[in-house]
């Protein structure tokens, strides 16, 4: 048997950069990572926010829990520090809520930035009332055991994306993105530049420009080989 | 290879009727089409509103996009006019958001009525803040290419329903309905009549009548052959 | 053919206990039932609230409807009394909304506590506006027939849980729980005790205690055999 | 906490009738129960046979297992007798295979008729090689604990259908049906009659008759109000 | 209400071309239609073959059935002629098997080529034994009514693709493709050319050539901008 | 933008151990890794074998492909050597088959052990006929582009499990397991020991022993606190 390990530490990250990332949001940072890397680092659509207006960023404290059990969540919450994001998996399955009100109160008091869970959360009324940010793959009230083996601060998978401990998690109404610390400065810089270009486009749109022309898409369309017909499909077919 | 086509026009429709349809909503118009036709024209439950309080109606400008790409969305947005509804598919899959903030700003400024997407949207915070109506099968931030072949203003499928260009789209918190223009007057007239009957029922309910009796359902129940027993299942079984 | 039966009565329950259950909510009552019984009585995650802030409790009036039909819902609504919860199934499938505005108006006027539906509901704008509590597995506008055979006040399955007529249904933002009447007093008592313990924990958390220590989890973690390493996974692997 | 119970006995059933049911198969017995009762007793489509050519019938020995655990399966297997069918649930989730080679060897040696599992099975190569009949909602190799609480020979839900201990399970390539013992004679008799009618229809079909006419469906079609047009849809629309 | 219509005829097609299409199969014909048109005409992955070794082609006789009902299937089967393919939908939902043994016997005797069903089939043992080709989205034994309204030989949607009556259906172990008759000659010709090229590639592969080089993909890879490193990821990261 | 990388090499592994792993199979190796590590290394149930009787093992050559594209598959196939397993992802979505007949012929000729794909495969008839082992999340015939960016021999996620290049993939009818090379000897040794114990149990079962007693489960059941009643549930409830 390979003994599972609880690592008590995660690699450091730059709080100023993390704070910038939180303001920028998922879509722009994803774009700045490039489409291949960005795609590999974006979680899937099974993960949904409890409150889609929340946006957070912070280094990941990870935990892999036994099915139906959240003991390793508690271990990770114990280790987590202000500004960090708890990232949990139970390997799939909705049984045994990974998170509820008491954990959220303690996390909020410690300054934990939020929770990302492959698994269920409960006490949703309380979580919404206290404003604790949660993204999970399920809402289910079922009893979690507190005796299951697991691992803390090891790499885990959340809805299709690898999270290494210390990776920067950015989450908002569009989903959840994982940024390895070594890519964070690059991503923030790229996203800010992208933001400026988007502001420029917004100004031009406000002056009445066409998005299609601003983006020079006429040639892209021509390159696809599509035929353009100045009629309706219905008239064309009736010929 | 069959060359795909971009049709620049869609058949005309009657703006006054369309405006009435928007007020009536999906459920009543669906009923007025008759159950067979209405069922064939109703989209499925994978499609959900970003904001369920929105309700729109308008003729469809359609686009079929390459997987992971939204170039044809841009072509369709360029062609779309005030009051029209953009109806997009990428043939399934969440990769490559079909829609985001810049497209929504431009669409709003042009007076486009809303977006229906078999595929993902992103920048949800901004879309909600600007109040642009969106129904989609997914929310995902992933990068869309802008080079993929496709077709515009041809028939497409959105979650189980055929949309021909120029078909009237009606969408609200209950889902999305497609009404061919030749059926619109009929549907609106039928739905208004149905609405009057429902108002009459509401008045009678308010006076204390029973819905079961107002709808004369006692005979319908008898016709099913069910046996009625004035006891509980538990008492019956204990005999 | 086994003739299906409409039972007009359900076993009695204690309104005071039911009112207490409504205040307590799903998660705590589920816990008080014990993990095995509680798990068997908790519905699954396909069932979602229309408005997650609602919370209800009441004895179940059940109906099994024909696919695409809601005649038995109408029969059950006719039989339902103030404080009861309508619990409906059509055996799966979204076609034929089980519930809509007129039924909700009548149910509200009769004092019906809410609706739990394995199947679709429609007229969601109106349902939300009138505040009628609904949990369903789908939202779909499709036409329901009113001629289908079925049964009323017999045991049915809703998303994985058995509901016997007269069972107490408790529903909130976390999901839906079924409590057989003979277990209700026990569940309420246990949940209140659990609530007190949670209040005690909240007080201690507010004084700066650690949840991990309050719950004595260090030994539980040790018992899993996990190795604890005071380093990061990254440093460990680089050795 | 409600103490879960292990019942060591199930109600008796008639082996001769059960043997007849196994020969008849799911579809005909389902029909003989009547459409309402038959629908409530038919499991859903998440359940699939490992080998669709198998067909079994026998009284149900039921077990509700802890998520990720199969201790109660072992308890039930210990209690099961020749001709009985093991019916297992873990409340959903694929983690912790409920069944594998050793259990199947022992079950086969005891004469157990087969396994129905809401949950996963493993060692599929061996199960197929030894020909042990299995219907399950998943195939997954994951480790099952053997310490979880649960209950044996109590009512459980398998993919939408209630199974009471002692209910007769019939399973084949079309799915799984539950027949309460008090309905078995009725179901077998009805199915045999139905089988005779089908043989008669097959003879007439073999002589060149039309199924549509044999079943007198022309009037049923007329009663739907459909219009019949002796042309193609394409020609009609082109008018 | 829009009266639904039963069209008794479908447009003609060329049997020789259809026979060629059956030999070629889905993947090559899909490619020959071009990627945009081919994608719009390919059904989705919910549709699976009962026996993946079957391959068929033929013009579509379509039917839209009421949920839980197969009356329109019977009407369509009555109208179907040798070589045609029955294409059925009930608008989703597994209740009410669309197809079973008697229909298959009659269809086989009439020379019907096969069945494509958005919905369930039953009597799978018999269907497999008689070798009747079936692709469906579900296997379920549930009772079908024979009184529901519907339409025959009108356009319908099957798992994401539009089928117009008379469209050529091609189905094999890879799925189901729809070819409008006006595209059939083009598709067959293109697929045969493609087949010849593939034979050429197979010959070269047999002589030891590399597929990567035969397809000239080195430049395509270079054009993506990927960096090529002659080391392992592990060694690179350890730097 | 983070430039994606194509690594041309993967870490070495021990062919003798790999050959042993292939003989042992997924379930036993999973158990030998311990339940926590084993669970993290087991892929999910969306992945199914084309032919469940195949069993393979080999070091992973990984590729992350653009949605709808398989250029990186071709690059990886070019780099793959005899005995290796191709492990592919397109980040989800069925569009653009990752694998087909030509690739399989070339892979077979090179001695590639098999394919694991998060995405679709096509030409299934040919793949089955040539006996090339495939596990995939979908079967779909759709056209793959050959121009998409991606990465080769980097860590990827396949249905919930992380695959690092060079990890040993073991796949059979029960699913797919990932074993890091440093754990392989341990896993093989543990699985062989486990196999011996299972042989011992099989011998005892053959002599008439009870599995429940061989595994000493009576105490485990007692420890759950379940009450044992020597009656039926039905008799107990009737009291």
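By written order: A, B, C, D, E and F. Residues from 1 in each chain.
Keep in mind that, in the parts below, a residue touches a chain if its C-beta (ideal position, glycine included) is under 8 Å from a C-beta of that chain, and two chains touch if they have at least 3 such contacts.
Since this is a predicted model, take the numbers as computed values, not measurements.
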Checklist entry - When the contacting C-beta pairs are counted for C-D and for D-F, which pair yields the higher total? => result D-F
Checklist entry - Taking all residue numbers at the chain D to chain E contact, is the shared part over half or under half, that is, same or different? => result different
Checklist outcome for this item: Averaging C-alpha coordinates per chain, one finds the centres of chain E and chain F separated by a number of Å equal to 29
Item to check | Where chain A and chain E are represented by their mean Cα positions, the distance between them in whole Å | outcome: 37
Item to check | Inter-centroid spacing, chain D versus chain A (mean Cα positions, whole Å) | outcome: 41
Checklist outcome for this item: Multi-partner residues in chain E (2 or more other chains touched) are 3-4, 35, 39, 44, 66-67, 91-92, 94-95, 142, 149-151, 155
Item to check | Residues of chain D that touch chain C when the two form their complex | outcome: 1-4, 32-37, 39-40, 44, 64, 66-67, 91-92, 149-151, 155-157, 160-162, 183, 186, 190
Checklist entry - Can you list the chain D residues touching chain F in their complex? => result 3-11, 71-72, 74-75, 77-78, 94-95, 97, 100-103, 105-106, 109, 120, 122-125, 128, 138-143, 145-155, 164-166
Checklist outcome for this item: In the complex, the residues of chain D that touch chain E are 25-27, 30-31, 35, 38-39, 42, 44-45, 52-53, 55, 172-175, 177, 198, 201-202, 205-206, 210-213, 215, 217, 220-221, 223-234, 236
Checklist outcome for this item: Per the touch rule, the chain E residues reaching chain C in their complex are 66-68, 91-96, 142, 238
